[in-house]
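Below: a set of structures, written as structure tokens.
Shared between the two complexes below is chain A, which pairs with chain B and chain C, respectively.
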Partner chain A sequence: MNINIILVLLFNGVLLGLIYAVVSIGFSLVLGIGQVINFAHGLLFAFGAYIFWYISPIIGYWPAFIITPLIVGGMGYLIEKLVITRVYGQDPLFGLLVTLGISLAGTEIIRMIWGKLTKVVSTPGFAAGQVHFANIIYPKYRIALALISLIIILFVWWLMIRSNFGTIVKAGMTDSEMISALGHNLPVLRNRVFIIGSILAGMAGIVAAPLWGIKSEMGTDILMLAFTIALIGGLGSIKGTVIAALVIGIITSLGVLIIPRLVEAVPFILLIAVLFYKPKGLYGELTILGEVTAREK
Partner chain B sequence: MNKQYNILNDPFLYLLIFFGVFPFIPLLGKYLSLGTEMLIWILYSLSFNLLLGYTGLPSFGHGAFYGIGSYVTALVYLQFINNSKNIFLPVLAASLIVGMLAYFFGFIIRKKRGIYFALITVAFSQVLYIIAFKWTEVTGGELGITRLFRGQFLGIDLNNSTRYYYFVLIIVFLGSIIIRKITLSPFGKVLKALKQNETRVQYLGYNSAKYCCYVMTISGIFAGLCGGLYCLLYGAVFADNMHWVKSGDVVIATLLGGGMTNFYGPIVGSSIFVLAREILSSVWDNWMLLYGLAFVLIILFMPTGLLGMVERIKEKKHTEQFNNNNNKKKKDLEGIAHKEENK
Partner chain C sequence: MNKVKVTFIVTLGLIIILGCFFITSSAAEPIKIGAVLPKSGNYAEHGEMELIGIYLAVEDFGGEVLGRPIELVEADDENNPDIGSRRARNLIEVEGVKFLMGGVSSSVGLAIGGVCEEKGALYLATNQNSDDFASVGYANKYMFHVAPGMDSLVRGAAEYVAENLGKKWYFITHDYSWGHSGTKWARNMLDQVGAEEIGEIKVPNGTRDFSSYLLTIANSGADVVALTVGGLDLQALYMQMNEFGLFDKMAVWCTLGNYEDSYPLNPEQRGMYIGVEAYWKESPGMIELSNRVKEGYPNAPLSVASANTYQGWLGMTALLKAIEKAGTTDVDAVIKAMEGMVICDNLRLEPTYIRPWDHQFLGVYPFVRDLQVEGVDIFEILFTYDSKDYARSLSENPLDLTAE
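The block that comes next holds the complex of A and B.
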């Protein structure tokens, strides 16, 4: 087996993992603080891609890069305010079903606006061309996307670990009543976290668009993946989510060599394994999804 | 507490009458495949509701049972039946094989509850979907298996739509009665208790895990049966029914009618669902938008479904009447007391 092919696939896998990480972190944060499974997360991912594809020819790459996440964040704000606030505190299943409904309706709206055909995003000027190293030719654009994702992840990590806001959010994940009692406005906090999650999803959509093409099902496709990764990594843990995302990205990428047809099933098989053997995930400290088993193990 | 069984009070009688004359209803009756699909969905959602409404197990992967039932029927049919063309064997094989799969699956996850249960069912069903989609040699992959003809059953040729409709009606009717019996039996009562308070049921001495495994098996048997009937209805099988998003269809159909609180909820819900889906999809290409919105609205404002609302209205009227009676009695008593005082 050609070592070059493996290296290329490895890089692809890392890039894949980074994008997955951006999506999954947003999902994990919302799940952590609100105890709500946001199945509309994938929809926001899709909107990020579509809106970016739509406005970047008009106003340019970088302006679109900044404006699109803001638009998607706005959508997230509306979804949270109108729908999610009604399901806090109830069985997480309700949140799942409601957001699934939103996702279905939203996907249809995407189809109404932009049609059912897959769109293609062209490479912007600044990142065209290839990089040569170690006997491999790798597209510059992919490296740029990987770097962008990495920067996003580092920023969120800084936000969560270092900033005041992050500390409050982390505390809110463990005990939301307490931080409410300490004077922090919990609904506003949840709303803000949801917006952050939406922005992350939107940005991931922008990054992923040129790689995978833009199609209306990309929302539901990535959703279960994000969920799996969030669970494997452990809810509420950014480190775990990133690690899990990278692992899945690399496995998916390299798996094409070994089991090409079943590669798509790998995340689900991992999900089953995690749910059976380690429901808390790698680094998570919280099984906030309620009772796992009939009798606690 | 057992009232004497009065057949005139049994909704099944009226349902049977309604569906019996369905083909003769003007305008609507022509759409026999629609009616047949409604019947299949009734049995399918009843089987699904055994898990969700009765035992409180949210199964999001039920489409897998349905889809595998379809595939098994198609494959058995192609392999064995080409000569005698008896329809019984493929459909029976579908129920049994899916039943075994459901038992196997139910055994593995017999101790999972709530969200974790839902997630595992999604994961499993998605793996099966991917296998069905990619295993082109067996399942036809994206193209599926097509051009199947219905054989005959007990000498009656079922290729005629009307005959197949009545065939399905009989099977669905019998299946529904069986499920009804199950829910009314001691087994069914334990299931209902499990939904409300599992720990208490365990302390009463029941092995709740076993019950969950068994109900999964029963549910799977009927779901597989429905899948088989569906396959023969349209003469084709495709993998997309097994996708987890599609599994949401039966969830919404069940919830819409009131499956959480009423046995007949799924019947009402799936009839409306199949009908609405047909009408809407032929009128508006993007009808899924309404579907998603309906999803949201039902979960937010009507989780007990239509029959649940009917029950609530009935209860309100009942308590109103009760209060009125009480107020009347109070006034009478006060009137008497007044007269006593004034004496």
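The block that comes next holds the complex of A and C.
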């Protein structure tokens, strides 16, 4: 087997993993910190891709890259205020069903607005073409997207782990009374986490659009992958989500050489294996059911 | 005496009125035809374009056959064999449907074909291309294969591909019945056209990222990639082939493609060689069909008739002609009427023939290149071939489905 191919597939796996991480990290945050199984995350991901496709030819690539996540964040704000606030503290299944309903309705709205055919985003000029190295060809755009993904991940890690905001949010989820006594408003904190999750979903949509095409069902397609990665990594754990995404990216990329027919099943096999030995995921502190139990206590 | 006379006249009048009523109500009883096709999932827009073709064929018959109105009953197969066969069974058992048609996925179509055989209902597989539909072990007397099988699609193009595009072939196969058919026939042609197989990758239905596959293929030394991949997966594959610069390194032969797959791409993402079932500009009849789609269905995914639209139209036209010819809706009689039928007014330049022994529709099909142009005229027809010269012969496929 050509060592060059193995190395480039490994490299490709890391890049895929970074992109998967951006897709999953917002979902994991809302699930771990907001304690809501947010099936509308896929819808926000799809809206990110569609809005970017629609406005980027008008206002340009980078302005659209900034504005699109803000619009999706605004949509997240509305969804949280109007619907999600009513499911906090309830059975996770209730939140799942409500957000699934939002997702299905939103998918129909996308079809009504933008039609049913696939939309295609052109590669921007700065990343057009391929890199040629040791007889290997690799698209510049994927490398650029991986770098953008890395910046997004580092920013979210800083925000949730290193900043005061992240510390307060995490503390509030485990001891809300103490946080309220200190003068922080828990509903506002939850709302902000949901908005951050939505912005990340919008960014993930932008990242994924040129790679996999834009379809109204794209959110549903990606949701299971995001859910799987979040569970493997551990609910709300940024570190766990990134590691799980990288592992899945690398295994699926290299798996093509060994077991191409099973590659699509790999994430789910991995999920079963991890949950069997570590029900809280790689770096999680509670299972989904554990979250409910902890809250009820 | 007068009383008896009056009673007789009144009774006779009532009998005549009631008789007329029953005759009228019987004549007005609709003929239900089930359209089981994907309205969601990988082939949703293919299914929608196909349904338009089915409706247009009904319209061509004035909405009735044998003096009875045609009632179309739609069902979404969700691109899933279990769901498709369940919906088909429901149409037959609950709705009383005796004729079914439609679909895109071969796995779904074969499952529905099994249900129809069990229930004695007639099924026309309109857009599924696995040759299993007309093969020993799968074919049955209640099933007709409207779409060309992969045997004729691949064998009709293989010689051109070997002579003009290259002789080192790498296969990408959608990992289900139809994908296997395409690669099997291309592999069978290797010796005949002097080509060699460099490798094969089987991809599951629903694959969206092909980067690892493409990296492997780009370094394989192949000069042709022979794809039998469909739907949204094929669109993603097209986009990523362009992204990885594969078009500069090798030719891409799509053993069967659809307008729905190529049209949404940006012009620079095109450049494949594709076997298609029909093209909207190939004949005056097809242009007319396209105009009807554009005018009658402004919200359709496409503003022209695709091959899926045409195949839906052809399937329904053949069925209604057969019912008309049989003069009854008895399934066995309609099957017999359909066998050997030649459809000359088929919108194409050459007629369609329904071969009796394997229930395979035969016709002339184009091989195209998709062009890097804006607009709706995106295919250049390179050549056409008659599928009767390439579909399996009786000795290759010893079937006998002909009705007694």
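Heads up, the rule we're going with is that the second predicted complex is superposed on the first by the 280 of 297 C-alpha atoms of A that agree within 3 Å, B and C clash if a C-alpha of one lies under 4 Å from a C-alpha of the other, contacts with A are read in each partner's own complex, and residues count from 1 in each chain.
Just so it is clear, a residue touches a chain if its C-beta (ideal position, glycine included) is under 8 Å from a C-beta of that chain, and two chains touch if they have at least 3 such contacts.
Just so it is clear, the structure is predicted and the values come from calculations on it, not from any experiment.
Chain A superposed: clash or fit between chain B and chain C?
clash
Output check: A:Asp221 vs chain B and chain C. Expected answer is one of first, second, both, neither. What do you get?
Only chain C is touched by A:Asp221; chain B is not.
Tell me the contact category for A:Arg86 with respect to chain B and chain C: first, second, both or neither.
So A:Arg86 only meets chain B here.
On the A-aligned overlay, A:Val188 touches which partner chain: chain B = first, chain C = second, or both, or neither?
Touch partners of A:Val188: none, neither chain B nor chain C.
Between chain B (first) and chain C (second), which, if any, makes contact with A:Gly106: first, second, both or neither?
The first partner, chain B, only.
Between chain B (first) and chain C (second), which does A:Ile258 come into contact with in this model arrangement: first, second, both, or neither?
The answer is neither, since A:Ile258 touches no partner chain.
If we overlay the two complexes on their shared chain A, which of chain B and chain C does A:Pro139 touch? Say first, second, both or neither.
A:Pro139 sits against chain C, while chain B stays out of touch.
With chain A superposed, which of the segments 146-154, 200-208, 290-298 or 308-316 in chain B collides sterically with chain C?
146-154
Which positions of chain A sit in both the chain B and the chain C interface?
After superposing on chain A, chain A residues 261, 264 contact both chain B and chain C.
So in the complex, which bits of chain A are touching chain B?
37, 83, 86-87, 91-94, 96-98, 100-109, 111-112, 220, 224, 227-228, 231, 261-262, 264-265, 268-269, 271-272, 275-276, 279, 289-295
Considering only the defined contacts, which chain C positions touch chain A in the complex?
So the residues of chain C in touch with chain A come to 40-41, 44-45, 48, 175, 201-204, 206-209, 211-213, 215-216, 218-219, 232, 235-236, 239-240, 243-245, 249, 260, 263-266, 268-269, 301-302.
Can you list the chain B residues touching chain A in their complex?
58, 110-116, 118-120, 122-124, 126-127, 130-131, 134-135, 198, 202, 208-209, 212, 244-245, 248, 251, 286, 288-296, 299-300, 303
Show me the residue ranges of chain A that touch chain C in the complex, using the header's touch definition.
2, 4-5, 8-9, 12-13, 16, 115-120, 122-123, 129-130, 135-139, 141-142, 210-213, 215, 217, 221, 252-257, 260-261, 263-264
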